[in-house]
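One chain, subunit A, appears in both complexes that follow, with subunit B as partner in the first and subunit C in the second.
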Partner chain A sequence: MSAIAFITERYEARSSPVHVADARAKLLGAFGFIIAVTFTAEGAWLALALSAVPLVIVTFAAHLTPMFVVRRSFLALPFVAVALPLIFTRPGETLFTVPLTGWTGSREGIEAVATIMARSWIAVLAAVLLTATTPIVELLRGLRSLGVPRLLVATVSFTYRYFYVIGDEATRMMRARDSRSAALPGYRSGGSIRWRASVLGHMVGSLFVRSLERSERVYAAMQSRGFAGEPRFLDQPSLRPPEAVAAALLVGYAFAVQALAHGWLT
Partner chain B sequence: MLAIQPVPVLEAVEGPALHIPDGFMSGPVAAVGWVITVAVLAVAVRMADRTLSDRAVPLMGVMAAFIFAAQMMNFPVAGGTSGHMLGGALAAILLGPWAAIIVMTAVVGLQAVLFQDGGIAVMGLNILNMGILTALVGWGVYRAVLTFEGMGSAVRLVGAFAAAWISVEVAALATTFQLALSDTSPLDVALPAMVGVHALIGVGEGLITAAALAFVVATRPDLVNQPVVAEG
Partner chain C sequence: MTRLDETPRIETHNATASAVELVGLSFAYPDGMPALRGIDLRVEPGEKVALLGPNGAGKSTLLLHLNGVFRGQGEVRIFAERLTEANLRLIRAKVGLLFSNPDDQLFSPTVLDDVAYGPLHMGLPREEVLERTRVALEQVGMQGFEDRVPHRLSLGQKKRVAIATVLSMGTPILALDEPSASLSPVARRELIDLLQSLPQTMLISTHDLALARDLLPRTVVLDEGRVVADGATADILEDADLLVAHGLEPLSAHRHQHEGAG
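And now, the complex of A and B:
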């Protein structure tokens, strides 16, 4: 197994009703759910908690452990920094003052940041569940039958397939660079940042030429197997009603929670 | 005193902080992002289909895998941080703007699905910022600088550096304004911070892009003098 495969294989094989469900139902369900969660108002804690309920149900229905899903969801966290200034800029009741700077943190600001983080986390959990229960090939086939252009879906599926090849090529180049860059403990190796960037640039250029030449060989191989310019996809059987209903229920529930929280109905 | 180093393995590294996760953008801003992205992608797909014909899929697929891998190759900067590239400008310089947009779309889309690096509902914005804007701006700047090609062969590399630097800055600006419109990040604090940080990140992008182009010019000049993909 390629070294790259360990970090990019997101599918967790289980035999569960969630895993065997139609990729289109899962795609539409997850997409609609995430859009609904985007509408959560600041400080609507009950709505956030209610939105998380389906995720717990799906996790157990898919025979995954909460620990696994939560561990995978932490990848998106560093972005939180961009929202932090809101604590100090949002006007409202002052909760604390940062010594020396005189910045004041407001209750409204903290609520805003906490809501953004929670919304984001719930969306990431939904995406984690989608990719852990659906192989990429199924997702792409689902996207195609939902009307995404053939050229785009075919390109993405080639990207996924050749990422392992090109990624391993890149790993070998990095290993070669590390082997050339010996350093005694405590001493810095290598030249200026500019020099290091240009070393990497040359590696990228070399990888480009190798990739381009590989794409020409791939194209020739496809032609010799009879590729006539039309990427083909297997037909999808029509969506099974129970799965379509389950997806609709998920999205409907998520929007109903928002509607109640915002008072759209009253 | 030789210590056995762990085998280097590519990993999902933190790069320019531009992969917006879900939850950070308001519904309307995310929706506008989708509308623009879908419209531009429709044009790009048509252009790539016409100029590349049946070569399109293997070429762009493998090229997207290349950009994906190139984004994971890094170089040490200082204090444990490392630099790497976004690649939109390089893709546009080498492949032309339309193919570059499709290539970057494949990269951004897969990153969101494989690594949850960038959200699903906001994918329209992420493709717009990191794929469409970087490719179009990078291409535009590079072509503009190339009009001075008579002044020597270094002009090409200056053009690549400027194209990459400006493309990262524009992507950062767009992200900042979208965050401000969504009321997620106050503009007066975020704008100088994002523009400042990405001015530095952009230098790294520019250096890598120019060096990569220099390598391609030296080894396969045919690819650079006649772009792999003809202009629309």
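And now, the complex of A and C:
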């Protein structure tokens, strides 16, 4: 399996009730669940813990191991780091001062960042479960039949389709460059860092140009086969009641947790 | 178009050593698909060898081992020197690899930059880099294209520039992967004439049996990662049963056409 495939191939084939469930039910369930979780107030740790319960259940129901799900979720962690400055910008009780800079970290800031990270992580875990149990084609079909704009679905689908092609292209270009990166006895090989960086820059640039040209060829080929803006899928049967109910229960549970934590009901 | 006395200086080597020696070379792709299964092969200095075989026979994979892009099990010796992680870059100054798709090979903003890449990476002085670049472009008949953008060239021109990027390195061995694929008949003929004029040791993977007949006195047939025939090209191309058994089409029709054309 190539590195590219490792990054893009999210589906983990198993035979479980979660895997065979309708993609639309899983999409709606995951989407509603994530929306509910974003309502979690800062410092509402119990609500966060309760929200994570369905994820544990789904993990086991899908015959996946918690380790696998958690490990895969780390891919998204760097994006959460953008919340870190809040530690210093949120006013409140000063807990520590960074030497030399005079920045002060507040208790409220740390709590805010921890909540944002936990919320994001739960959302990522839900997305990991969704993509690990649903083949990409079904996800796209599901998105479309749920009324997601066709341009958006088409963009995702082409990204997925050509990611490999461009990744392979980049691999071959680097191979070709390495093949000409030779050394002679008695000479200092490799050139300057600046020169090597400019070579790399040009490689990235030509990859862009070639991708653009490829997109024009692909579009011409699609038009000549009658493409009018939307990939055609076969009609889908209607949602099966038990799966719709399961999705509704998941979303209902997540919102109930929020309602209790926020005291919406009282 | 070409003058042999202008060929870039080629390093001298132990005259008795084989240019290429493969001993029990095996390789499997990361997904477990075996591509080479115990290849033994010797190529003497100055020999010109065709690698024939169906798609997936292991031809390209074999070529990618000659300069260590792929590292399989077994031994690769270039002029008696065993290829290791430590001498990888030194070996790459001896084996020039031409990739089947010139777009993979050409990544610089101008033809000049691309042909100069190899010599620049070797750390040669500026004058020698320019001299090698000039000679290489002249050898492939692309002088005057120095400032052109590679991806705007025709396929035949790209192929020539790609060959120039390898020639400028002055490698005594050339490993060419399907150099004549999808070229127009004229561009193909020019390519054969060009390769004919080069003195380097050559291993050429190809589906173009006429190219093998016209250019390469020795032929090695690969199939499913093994050497299934190795001999004089004339004899192998006569053996219709062998060719058909390994996904190749005997040449009679081609030859007819070719001789008719002149």
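Simple rule for what comes next: the second predicted complex is superposed on the first by the 195 of 266 C-alpha atoms of A that agree within 3 Å, B and C clash if a C-alpha of one lies under 4 Å from a C-alpha of the other, contacts with A are read in each partner's own complex, and residues count from 1 in each chain.
Criterion: a residue touches a chain if its C-beta (ideal position, glycine included) is under 8 Å from a C-beta of that chain, and two chains touch if they have at least 3 such contacts.
Predicted model only: the values in this text are computed from it and were never measured.
Once the two structures are superposed, subunit B and subunit C can be ranked by residues of subunit A touched, with B on top. After overlaying the two complexes on the shared chain, residue contacts for A:238 are found with neither subunit B nor subunit C. Of the two partner chains placed by the overlay, subunit B and subunit C both lie in contact with A:209. When the two structures are aligned on the shared chain, A:183 is found in touch with subunit C, with no touch to subunit B. Using the contact criterion defined above for the overlaid structures, shared-chain residue A:199 touches subunit B and also reaches subunit C. In the superposition on chain A, A:175 contacts both subunit B and subunit C.
When the two structures are aligned on the shared chain, A:97 is found in touch with neither subunit B nor subunit C. Common to the subunit B-facing and subunit C-facing surfaces of subunit A are residues 169, 173, 175, 178, 184-185, 190, 199, 202-203, 205-206, 209.
Only residues 1-2, 169, 172-173, 175-185, 187-191, 195, 199, 202-203, 205-206, 209-210, 213 of subunit A touch subunit C when the two sit together in their complex.
By the touch criterion given at the top, residues 1, 3, 5, 7-12, 14, 17, 19-27, 30, 41-42, 45, 48-49, 53-66, 68-70, 72-78, 83-85, 90, 94, 102-103, 105-107, 109-110, 112-117, 119-121, 179, 183-186, 188-190, 194, 204, 207-216, 219-220, 223, 228 of subunit B touch subunit A in their complex. Within the complex formed with subunit B, the subunit A residues making contact are 3-4, 7-8, 10, 30-31, 34-35, 37-39, 72-73, 75-76, 78-79, 81-83, 85-86, 88-90, 112, 116-124, 126-128, 131, 136, 139, 149, 151-152, 154-163, 165-167, 169-171, 173-175, 178, 184-185, 190, 193-194, 196-209, 211-212, 214-215, 218-219, 222, 227-231.
By the touch rule above, subunit C contacts subunit A in their complex via residues 11, 30-31, 64, 67, 69, 89-90, 92-93, 96-97, 99, 101, 103-109, 113, 117-118, 120-124, 151, 165-166, 169, 171.
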